[in-house]
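Once you scroll down, you'll see the structures, which are given as C-alpha cells.
Below, subunit A partners subunit B and then partners subunit C, in two separate complexes.
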Partner chain A sequence: MGIEELLGQYGDMYGTALLTTWWMTIVSYAGAMALALVLTIMRVCPIRPLRMFADFFVQVFRNIPGISLLIITVYALPKLDVIFPYDICVIVTTILIASAFGSENFMSGINTISVGQIEAARSLGLTFGQMLRQVVIPQALRSVVLPMTNLLIAVMLTTAIASQVPMKPPELTGLVSYINTRSTGGITTFLISALCYVGTAVFIGYVGNKLDKKVRILR
Partner chain B sequence: MSASAGISMRDALYEQPGPKMRRRIRIGTAIALVLVAIFVLGIIRQFYVTGQLDAKYWAFFLQPTTWTYLANGFWGTVKVSVVAGAISLALGLVFMLGRTSSFAWLRGLSRAFIDFFRGVPSLLLIYFFFLVIPQYGIKMSSFWMITLPVALSASGVLAEVFRAGVNAVPKGQTEAAISIGLSKMQTMFKIVLPQAIRFVIPTLISQLVIVVKDTTLAYVVSYPDMLQNARVLITNYDALVSTYFVVAIIYILLNYLINQASIAVSRRTGVKILRPA
Partner chain C sequence: MSEPIIEEHVPMVEYRHVHKHYGSLHVLNDINLTVEPGEVIVVIGPSGSGKSTLIRTANRLETIDAGEILIEGLPLPEEGKQLARVRAEVGMVFQSFNLFAHKTVLDNVIMGPVSVLGVNKKEAEEEAAALLRRVGVEEQAHKVPAQLSGGQQQRVAIARSLAMHPKVMLFDEPTSALDPEMINEVLDVMVELARGGMTMVVVTHEMNFAKRVSNRVLFMADGQIIEEGTPEQFFDNPQTDRARDFLESIKTH
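The block that comes next holds the complex of A and B.
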C-alpha cells in the first residue's frame, strides 16, 4: 500500500491514535508521579510497617512484566469482582509500574544528598519541616529531572500494551496491528507509528536535557 | 558521607526520638499495622467470596505435570532471553562504537539507530516482525520473531550504557595511549573498552530484567514461553486467576533475583549501577 493510499484511508486513525497514546501517557504519568510521591514518603517515614509495605510494593511492581500485570487487571480482576473498562486497565497497569520506578528515582534523588548536610542543617537549628523544604526536597527534585524524563518516555512506550486489549480507537501500536490484520499495509504502516513514537521521545528527551542542564547541581 | 558512613539517608533524616516522639511512633506503627493487615485481609477476602480460593483452582499446582509444563515454558523464556541478550550486547557495542567514531556520518547514523530503538515500544517492533515482514515473503520462525525485536529494542539502551562506561574512563588515559603512539582503534580496544566494560557489568546485568520482561510478549507470535504455556494451562484447568498470579510471582522473583545479582556484583567490584532509560 502506498503512503498516499494509506494516509487517505487511515490518516484520521493515525491522528486519533497519536492523541490516544499521548493522553494515556500524560494521565498515566501524572498518576504515577502522585503515587510515587506517596510511596516515597512512606519509604522514608519512621513508621516501619509503612516502610516495609512501600518497599514491598516497589519491588513487586518494578519487577512484574507489564503484559503479565495487564492480563491480571483485564482477565483476573473481573473474576474477583473488580471490573474496569479496557483503557482504565491499561492506565492502572502503567501507573502501578511507573510509580515503582518513579519512587526509586525519588529515593536515589534523596540519596545523592550527603548525610553531612542533614547534620549541618540540624546544627543550624532548622526544624524537620524546614530541613525537608529547604535542604532535602530542592536538591532531590533537581537531581531527578533526567531520570523522570526517561521515565516519561518509558511510560509512553508502556502504553503500547494497550494494543493487547480491544481499545476503541486503537493507539499507535494497536493501529499497526489493526491495519495489517485487515490488509497488507506494508512497512509504511509501521514507520508512521514508529516515527510518531520516536518524534515524541526525542522531543521529551530534548526538553528534559535542557531542563536538567538548567537545574542540575554540579558536584 | 565518610563521617556517618553506614547510616542510610532514610535514618539520617530523623533525630534520636525523645520519649514523646517514641510514643507517637509506636502509636503510628500500631495504626499502620492495622491498616496494612486490613488491606491484606481485604484482598484475601475478595479471593474467598468470589470462590477463587477453592481447592479446584489450586490443586493442580500439586501435580508435577503442571510444573514440567511451566518449566518447559520457562526454558523457552530463558532461550529467548539469552539469545536476545547476546545479540543486543553485540549490537549495542557496535552502535556505541559508531556513536563515538570520528566519522560524522557514522556518528549520525548510529545515533539515529539508537534513538529509534530506544524510542519505539518493543511491541511495535514485534508487530513489525510478525505482521509486516511476512508481507515481503520473508519466513521466520516464531523464535526469531520474538528474539530479534527484543534484541533490537534492548540494543539501543545498551549502546547508551556502553557509552556511559566509555565516558567514565578518565580522558588522560586516551591521551596517554595516543601519545605513546597507539592508533585510535588500538586505544579504544586495548585501553578504553576493557575498562569501560568493567564499569558497566552490574548495569548490564540489571538490564537483563528488561529483556526478560519483553520476552513475555512472545505469546503475540505464539512462541511457547512461560506466559504462553500458562495460557494453555488455563484452558486445561479453567483456573485463570490462580495461574496468572502464580506466573506473575515467578516473573517477579526471577527479575528480583537478577536485580539482586546486579547489586551484589556492584558491591563486590565497587562499580555503580547506572540507570539509563
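The block that comes next holds the complex of A and C.
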C-alpha cells in the first residue's frame, strides 16, 4: 500500500490517533508535573519520613520500564479490585514514570538557587512555605523549561505503550499495529505515525525554546 | 524626695558563654558579648577566626552548641514561627548580596514587608521607593539584580533589610566582594545608618569605617574575642601581639 492509499483508507483513523496521542500526552504531562512538584516539595521539606518516601518513590518509578508498569496497572491491579479503563491505565503509568523524572528536573532547578538566597529569605523572617512559594519554586520552574520540554516529548513517546493494550480508538503507535494486522502497509504505516510524532516534537521544542528565552533568569 | 525611676536596662543582643564546634574546630569559644541599643560594633580578625559565624548565630543561621543568645533580653527561639519573628527584627546583609535573582529590585525590597509584616503592597512599594532613593538606587527599581553593579546590589540588599524596620542589623563582610571603586558607595550608606542611630554589628576590615562610626572594635582569633576597645585604642595601641600582627598584615596592602 502506498501513502495515498493508506491515507485514503485510514486517514480519519490517523487523525483520531493523533488527537488521542495528544490528549493522553497533555493529561499525563499535567498530572506528572503536579505530582513532580509535590514530590519535590516533599524531598526538600524538613520532615524526614516525607523526604525518604519521596526519594524512594522517585527511585522506584525512574527505574521501571514503562511497559512493565503498564502490565502491572492493567493486569495486576484488577486482582486488588482496582480496574481502570485502558486509557487511564496508560495515563497513570505515564504519570508515575514522568513525575519521577520531572522531580529530578525540579531538584536540579532548585540546586541552581544559591544557598545565600535561602539564607536571605530566612533572615527576612519568611516561613518555610513562603520561602518555597516566593523564592524557591518560581526560580526552580523558570530554570527547568528546557529539561521539562524534553520531558514533554518523552511523555508523548511514552504514551506509545498504549499500543500494547487494546485501546479504542488506538493512538498513533497502536494504530500501526491495527493497520498492519489488517493490510500490508509495511514501513509506510510507521512512517506516517512517525511524522506525526516528529512534527509534534518539533513544535514542542520550538515553543519550549521560546518560553525558555522569555523566562530564563539573568544571573 | 521621690525615688528615681530606674529604667530596666535591656541590651539589644547578648551572648553568654557561647560555644560552637565544626567537627574538631572550636569556632566559637566562650563568647561573651553585649550589644547596647544604638551601638555600632566592628568585628575584625583573620579569616577563619569565627567572626562570620559569630554574627550568623545572632539570627540562628548557625546554631550554637552551648551558651545562650538573647535578643532584647529574650532567648533566641530554636525554630518555627517565633524564630521567624525574631529574624524579621534582625536585619542581615551578606557578603554576596543574596538578592532574589528572579525578582526586580523593588520586589526584592517589598517581599519581607508584604509577606512577613503584612503591609499592603502599595504602601510597601511607596516605602521601598523611598528606601531605594535613600541608598541611591531608585533608578534601578525595575531592573533585576543581575543588571546592577555589585555596589548597587549591596545597597539594594541594605534597603531590603531596612524595609523590615530591624532593631539591629548584622553585616557580614558587606564590602569584601566589591570592586574597590564601589566600596565607598556602600560604606557611605552604612555610615549614614550608624549616624541615624541603628544598632549594628559589622564584620569588616574597613578601618576607616571602624574609625568613623564604631563605638567598639572586637578582635577575634581562634574563635575567641581576644581584644576589644574603642577604635582609637584598638588601631593606635593594640594590646595583644595577635592584634598587632594582624593590623600590620592588613596595613601593608
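Going forward, the second predicted complex is superposed on the first by the 203 of 219 C-alpha atoms of A that agree within 3 Å, B and C clash if a C-alpha of one lies under 4 Å from a C-alpha of the other, contacts with A are read in each partner's own complex, and residues count from 1 in each chain.
Basically, contacts are C-beta pairs under 8 Å (C-beta built on N, C-alpha and C of every residue); 3 or more make two chains touch, one makes a residue touch a chain.
Quantities reported herein were computed from a predicted structural model and do not represent experimental measurements.
> Now for A:P147: first (subunit B), second (subunit C), both, or neither, which partner does it touch?
After superposing on A, A:P147 lies in contact with subunit B but is clear of subunit C.
> Should A:I72 be classified as contacting the first partner (subunit B), the second (subunit C), both, or neither?
A:I72 sits against subunit B, while subunit C stays out of touch.
> First (subunit B), second (subunit C), both or neither: which does A:T127 touch?
second
> Looking at A:E119 after the superposition, I want to know if it touches subunit B, subunit C, both of them or none. Which is it: first, second, both, neither?
It touches subunit B and subunit C both.
> With both structures fitted on chain A, tell me whether subunit B or subunit C touches more of subunit A's residues.
Of the two chains, more subunit A residues are contacted by B.
> Touch test for A:I217: subunit B only (first), subunit C only (second), both, or neither?
second
> Where does A:P138 make contact in the superposed view: on subunit B (first), on subunit C (second), on both, or on neither?
Touch status of A:P138: second partner only.
> Output check: A:T181 vs subunit B and subunit C. Expected answer is one of first, second, both, neither. What do you get?
First partner only, subunit B.
> Now for A:S108: first (subunit B), second (subunit C), both, or neither, which partner does it touch?
first
> Share the list of subunit A residues that count as touching for subunit B in one structure and for subunit C in the other.
113-114, 116, 119, 122
> Taking the complex as given, what residues does subunit A use to touch subunit B?
For this pair, the touching residues of subunit A are 43-44, 46-51, 53, 59-60, 62-69, 71-72, 75-76, 79-82, 105, 108, 110-111, 113-116, 118-119, 122, 128, 131-132, 136, 147, 150-151, 153-154, 157-158, 160-161, 163-164, 172-173, 176-177, 180-181, 184-187, 189-190, 193-194, 197-198, 200-202.
> Provide the residue numbers of subunit A that touch subunit C in the complex, in ascending order.
Checking each residue of subunit A against subunit C gives 113-114, 116-117, 119-127, 130, 134-135, 138-139, 142, 217-219.
> Flag every residue of subunit B that touches subunit A in the complex, lowest number first.
Going by the criterion above, the answer is residues 1, 3-4, 7-10, 12-15, 17, 25, 28-29, 32-33, 35-36, 46-47, 49-50, 52, 115-116, 118-124, 127-128, 131-132, 135-136, 209, 212-214, 216-217, 219-220, 227, 240-241, 244-245, 247-248, 251-256, 259, 275-277.
> Please output the residues of subunit C touching subunit A within their complex, sorted ascending.
59, 61, 81, 84-92, 94, 96-102, 111-112, 115-116, 144, 146-147, 157, 160-161, 164
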